[in-house]
Amino acid sequence: MRPFLAHPFDDDKLKEECGVFGVIGVADAANFVALGLHALQHRGQEAGGIVSYHPDHGFNSARRFGYVRDNFTRADVMETLPGAIAVGHVRYSTAGSKGATAIRDVQPFFGEFAVGGCAIAHNGNLTNAAALRRQLIERGAIFQSSSDSECIIHLMARSMQKTLAERIKDALRAVEGAFSVIAMTRTKLIGVRDALGVRPLVLGRIGDGWALSSETCALDIIGAEFVREIEPGEMVVIEGGEVRSSRPFAPAASRFCIFEQVYFSRPDSIIGGRSVYETRRQIGVELAREAPVEADLVCPVPDSGTPAAIGYAHESGIPFGMGIIRNQYMGRTFIEPTEQIRNMGVRLKLNVNRALIRGKRVVLVDDSVVRGTTSRKIKDMILDAGAAEVHFRIASPPTAWPCFYGVDTPERSKLLAATMSEDEMRDWIGVDSLKFISLDGLYRAAGEAAGRDPKAPRFCDACFSGQYPVAPSDKIAEGFQMKAAE
Amino acid sequence: MRPFLAHPFDDDKLKEECGVFGVIGVADAANFVALGLHALQHRGQEAGGIVSYHPDHGFNSARRFGYVRDNFTRADVMETLPGAIAVGHVRYSTAGSKGATAIRDVQPFFGEFAVGGCAIAHNGNLTNAAALRRQLIERGAIFQSSSDSECIIHLMARSMQKTLAERIKDALRAVEGAFSVIAMTRTKLIGVRDALGVRPLVLGRIGDGWALSSETCALDIIGAEFVREIEPGEMVVIEGGEVRSSRPFAPAASRFCIFEQVYFSRPDSIIGGRSVYETRRQIGVELAREAPVEADLVCPVPDSGTPAAIGYAHESGIPFGMGIIRNQYMGRTFIEPTEQIRNMGVRLKLNVNRALIRGKRVVLVDDSVVRGTTSRKIKDMILDAGAAEVHFRIASPPTAWPCFYGVDTPERSKLLAATMSEDEMRDWIGVDSLKFISLDGLYRAAGEAAGRDPKAPRFCDACFSGQYPVAPSDKIAEGFQMKAAE
Amino acid sequence: MRPFLAHPFDDDKLKEECGVFGVIGVADAANFVALGLHALQHRGQEAGGIVSYHPDHGFNSARRFGYVRDNFTRADVMETLPGAIAVGHVRYSTAGSKGATAIRDVQPFFGEFAVGGCAIAHNGNLTNAAALRRQLIERGAIFQSSSDSECIIHLMARSMQKTLAERIKDALRAVEGAFSVIAMTRTKLIGVRDALGVRPLVLGRIGDGWALSSETCALDIIGAEFVREIEPGEMVVIEGGEVRSSRPFAPAASRFCIFEQVYFSRPDSIIGGRSVYETRRQIGVELAREAPVEADLVCPVPDSGTPAAIGYAHESGIPFGMGIIRNQYMGRTFIEPTEQIRNMGVRLKLNVNRALIRGKRVVLVDDSVVRGTTSRKIKDMILDAGAAEVHFRIASPPTAWPCFYGVDTPERSKLLAATMSEDEMRDWIGVDSLKFISLDGLYRAAGEAAGRDPKAPRFCDACFSGQYPVAPSDKIAEGFQMKAAE
Amino acid sequence: MRPFLAHPFDDDKLKEECGVFGVIGVADAANFVALGLHALQHRGQEAGGIVSYHPDHGFNSARRFGYVRDNFTRADVMETLPGAIAVGHVRYSTAGSKGATAIRDVQPFFGEFAVGGCAIAHNGNLTNAAALRRQLIERGAIFQSSSDSECIIHLMARSMQKTLAERIKDALRAVEGAFSVIAMTRTKLIGVRDALGVRPLVLGRIGDGWALSSETCALDIIGAEFVREIEPGEMVVIEGGEVRSSRPFAPAASRFCIFEQVYFSRPDSIIGGRSVYETRRQIGVELAREAPVEADLVCPVPDSGTPAAIGYAHESGIPFGMGIIRNQYMGRTFIEPTEQIRNMGVRLKLNVNRALIRGKRVVLVDDSVVRGTTSRKIKDMILDAGAAEVHFRIASPPTAWPCFYGVDTPERSKLLAATMSEDEMRDWIGVDSLKFISLDGLYRAAGEAAGRDPKAPRFCDACFSGQYPVAPSDKIAEGFQMKAAE
């Protein structure tokens, strides 16, 4: 029932909920998918699954709780996944059942249709899934999981189209929200992004085969060449070594998730021709310009604050130093820990480099503030080690709105920035100063020299701005209050 | 028999073989020991054990393969370890049986003597253990493990002393080599360092209780105050809140392991009043002075090369950047992996930040070169990503001699520096330049302004110099050739 | 993938494929179901599942491989199954996927319908399932298991009826074959038997609640009173303490499976007012009359041959003795055994009581001969122990036809009696004599004083007679040749 | 800590504590030992261990909780035990630590001596072990287990003899109590029985190799020929295909455990040239003569009462029937069962064949009465099923004294027969009559036509007579009161 306990100290980050990876045209495709998922593990750490197809052995799948490296490296597992085509998925807790994930909620989902079998791996979130699910059950669908993504399979089953690729189009035209989907049939690997392109999806070439991935870092691990991003609203169907592209959805202006730049994506992934690391370093540079301070040391909150701290140190001229050391052996889970250990919280993961910090005025650079609870604890640790002053610099604007597009965010009332001003937050955290980068500064760092165009913002920044590019209809039906038009 | 397979990609580092931690005078002492061992996990990742004593329940112990956080956080395990006094141990593979560790080799070892029970946790290595073991068996001892450290228990059993503390002295006077030992009886916590003080041991205060630990970072995690180092040749006996000190061994000049500074100890630990991080950063500064180069980017080989790279960048003025990104989900073990995954080697752990590296002249800073195999692979990755030049700078002198004092080193013939000159190594690795810090430079960085005194070196540097402060008698008996006197 | 290996020595019996049990109106109903399933374990040893419903916690389920006593006695499992209504199922390998069962094939199956949730446990086999499955997939059903029984859930989803009970009727009217089904909704426990009543189903009363079970022995274990059998073609709906009966199917003459009398049912279960033990003992009496022999000892082949051997000894006057001893610690499975152990075969399970057998003329009484391989091995053991003569007496007629109604039988070509006469079987097995009870004798022992009425046999005896009361349409489509009309 | 919970319903039998098996001169000897231990599983169900020796791989061992068939059939375990010589042991909880067994208490024990390695498997109990242990610890021995049998290893270590066989003699001359020991060195298999021969040990021949076993049934399973019993006080040393016999102990009259005949040994084992089954059947015959009753049915309490019931029925002429049916899927353990399931007690294991019992006067034949709790429950079940009368006949005399020679018996105060007369027991159990076989009758059934010779009884019958052939010195020191001389 509860094979993994999410550990209780890590609830102060937004969580990307999924990573997807698929490959076609290479022997033992599932091995490549396993490696790709290992590289995408930061996008979903709770569970993973792989489906492969082999002409002699049909479709096979394996779904497991835990890390990819613990499950999908074992020869005894991988030999059950033969074939030259495979797709995989890693997930955090999705918009499924409250509480723990059941293994039946672990993707890829598979459906056997009159026209053949098809597996689907979905990154994102459908904002009308509850309504769709209700309608599908009324028409005789038997849901096996509590995952919204299963709707796609049932919509496909009801489509009258002859090919699975066309059925996928039918199904995805009926859903709302954000999705990057990788699907596979016996002979095709298919990739689709929603019209706004909220979640990422990239195409790579490996030998005579092809790969689809959430991020480029997963192409690197298998030695694939990064070819291009799948474009917002594009569907690619790869078969017999050919990539065919089509545009199933009504055209729309692209709205890529800006939080992928801030935190979700791996720093060695490439977005828009530049490494995410460089963008984050540039955020630090902008932050040093927007919010300078006199200090002795710039320290990252490891590990996600490091690139911005390097940029801040470089721009400000204040020395960069590792004032907080991360325990490398900290996993994300504990099985029924003792009370005492549960109470250690952040100390299990981070320790202050006391001899370095003592007597110094310290600038702490972190990627974001969600609930603020971790920030308080880190401040306590730093002061306890004898720091003279503590200045927080945050590499993202205040996170004041929940995400409904595939990110695990607390309810709005739990978001510190939803209830406090910047000054109130500074006092509540208890630091000498607290500054967030501006939304314009963030856009500049992400390559928009002119900052954010309020009429047509280039990114989805709903978590900062409250402006949702797709109305979250299920949530509105449940009573969610959108931001009043300004 | 083989619960854990050491993963095949990590054989290119020296390995510290043990960490020890003990606490007395606090409720649920085993919980504190678990936390301390978690902070010392880098000193031994294969297995761990804890022994505790409670007046009502006697001595209890638990020994497990795997990480501390997976075993010794569970309430069902910890509730079997009641009491206000406990000691623990983490280990890599010790000088025990070839191949895998058996659970019976996991410390602390326990002996029931006529004068009461006693548990022993040992960090270090006894250089005359084989001879001792032979003699003890001849006199009727039944060894239960293949670990040399078990000799201490049998020597204690044969001592005629009345108290366990005196028996420990007797036993340790009979052994040669390096040891930091934490022992416990029903009422005493005991710490001892060999006369040269090769391996570390520190004393901390927590409330009304006391802690002994390999490093200060483990005092931090439990909120203990760092009091002082146990001195070379010192024995402390803690009982009833009092710490009594004695000097059981013949006086000798201290020879602390310099590799603790380079690699073994955690950067946030304090040695000689300064953080290990600062010493490593200073190594980078020295290295920039000794071996400058014209370049565009200073990159650490993560994670151990980072402080030296920060120092090198600072001193040289070349920008610091994270050109290599570490996969955070890389554990140290795989259970029977597929051939393909086994062959991925370092790629599973590291990826190049390609967009940052492309076209740049890169200085790579690493902590040491052992076999050199990983260095070659990293060079390949960097060049493959389009670097213009690759310059290796190593934060330690060439490692040319094995360690016999509690560190897992390859045979001499496998050490790259034992068979090649610096130029030959450069060509074999295939980089544009390769420079190691000098032994004098390393001593300067470690606080010896005058460099190394060849008559009376302050540290044990046998792995670099071949000068062994304690003759490794078992090894010599096996045929090991010591360095000819110069 | 393969959590349990069926052990290689047990393929010489027909296997009942399922047992079902349900209870309503008692606190912690799942506990009672677990006990009932434990008593029905002989009907299915590979896996089991329980679904319960509680108003506060909804429907919950647990499915496990292995014995009921190892899974469904644990408090940590049972506390996840709260509520006053529950159904359960034990299974051998069903007519699902070739090879190993997947956990998704383990019943009860559950469907969420617009009108509420419903769980189904099915004992029997649907002879038109393949055709139904094909049609349902064409109409958009997504099958999750390879089990034929899942058709019932999809047929229910497509029914236009308002209540779940009516939908079950709709679904079961569409299927052909043998079924005893226990279903549950939030408030109702439902039992149904097919029109011929091939598989058993009985009703019991426990306090103010009710139970449905495959056999009466499972009523005994929970202390329930045996009320009556559910009649062929009857449906009972139990709700609010009331049992309402209806007859959804066209009336037909009853054809209860006669092999339940011979082997499947437990000897302490009651069928037709008499214990199965008594019927089997009577088979032995009939057999002694039909096939007498001069001998010194009557030995059962343990354990299923014991009652008939007691009857044979009593009727013949030859002493009864335990010439073959069963190892009580023999489970049914081995996980990847060594070659040597695999080859031990029947020796792991049975040993001859050598000192008793030596020099005696022995009558061995067994329940049936399927492939005959075990009979040969037992004969070898008996002769090896020094028996003077070996006479086999079989408590059922020759098994010459496969069963398609929920029993695992080899292909026809593997059945010894399908390819050999009684004399040929005797020679092949290598015994002094071999006699089967006649079909008339079996009917007499089962209470039909006049023997079998060839026009209207009271039982389904297709495995002996080749006369199938329901045409196995899927199998005929696959090429199965029914017996030519006589 | 608590890998197996002894199940709570089985405490009403005496428990043999160990079985031992060894083989020499056959390839893959450990496989044969595994099979032998499987056949001896009734002698110890909690844990098992095997040690083997191979010239290239040295001594190897495996120790596991649980059944032999679950652990020592797996190829991955067995391939770690190479070699042509091996010994094994199965155990119930021995006279080790109170409460659960630790894996370190599981035999065989192994010692590395100056003269080579030696493994020891011990069946029996040393009555002076506590005193020996104290002395050995005072002289420097480090005990690793809480098992008394470990004393043998430490006594061997202290022996001045040159060969291991001689050291075993030295060690066994120092112990008191009952023992059948199988030991192995690199080249020898050694078997020893104490001077009284309390516990069994037999010799078998397999091909060119030899086997030693607690019982003959374990020779049968590996196809070994039963050669002879090891005699009381005899030591055999098997090496190079030769069996050499010696007599290390002072001669004494044999006192074989009579409870091996009544209950411990398997019915298909041979003792004194007759099968145990035959002796038990004869006990039933004697019992029918000593304690006849008018009745309709003789029922065994399964399974151990069956042979005596067959004898009783034969001698009395009352029909034999299986009125109580045993659930074949009942294991001996539950892991943290629910309260409700714990309370089911004997019902989980036994069910009454109600239709057979109803209205009948029933003779229940059981092997022994220990606490009497199970007898009461069975009587309740039989009466609840409608029996007219219940008469208990017990195939052993009243068990009134604890055993100190390797059998797990309750304290004397918990033995029903220690506190009540036969009539009081009858009333307490609540049956119409209760009769035990007389001690003379038991001796007659065991082949002593003249009954028991009170001056020189042939068997150890201390549990019935209170006459202990070896004074239990440790127990006397703890305060145990022996029976006053008559």
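By letter and in written order, the chains are A, B, C and D; residue numbering begins at 1 in each of them.
Just so we're on the same page, a contact is a pair of C-beta atoms (placed from the backbone, for glycine too) under 8 Å apart; a residue touches a chain by one contact, two chains touch by 3 or more.
Since this is a predicted model, take the numbers as computed values, not measurements.
Enquirer: Among the chains here, which has the CA centroid at the largest distance from subunit C's centroid?
Expert: So the farthest one, by centre of C-alpha atoms, is B.
Enquirer: On a C-alpha centroid basis, what's the spacing between subunit B and subunit D, in Å?
Expert: Those two chain centres are 51 Å apart.
Enquirer: When the C-alpha atoms of subunit A and subunit D are each averaged to a single point, how far apart are the two points in Å?
Expert: 62
Enquirer: Show the residues in subunit D shared as contacts by 2 or more other chains, in ascending order.
Expert: none
Enquirer: What pairs of chains are touching here?
Expert: Touching chain pairs, listed by label, come out as A-B, A-C, B-D, C-D.
Enquirer: Spell out the residues on subunit C that touch subunit D in their complex, using ranges where they run on.
Expert: Subunit C residues touching subunit D: 28, 31, 34-35, 38-39, 41-42, 45, 67-70, 73-76, 78-79, 217, 220-221, 266-268, 270, 273-275, 277-278, 281, 303, 306-307, 310, 314, 319-322, 325, 327-331, 334-341, 344, 347-348, 351-356.
Enquirer: Can you list the residues on subunit B that touch subunit D in the complex?
Expert: Spelled out, the residues of subunit B in touch with subunit D are 1, 62, 80, 111-114, 134, 137-138, 140-144, 153-154, 157-158.
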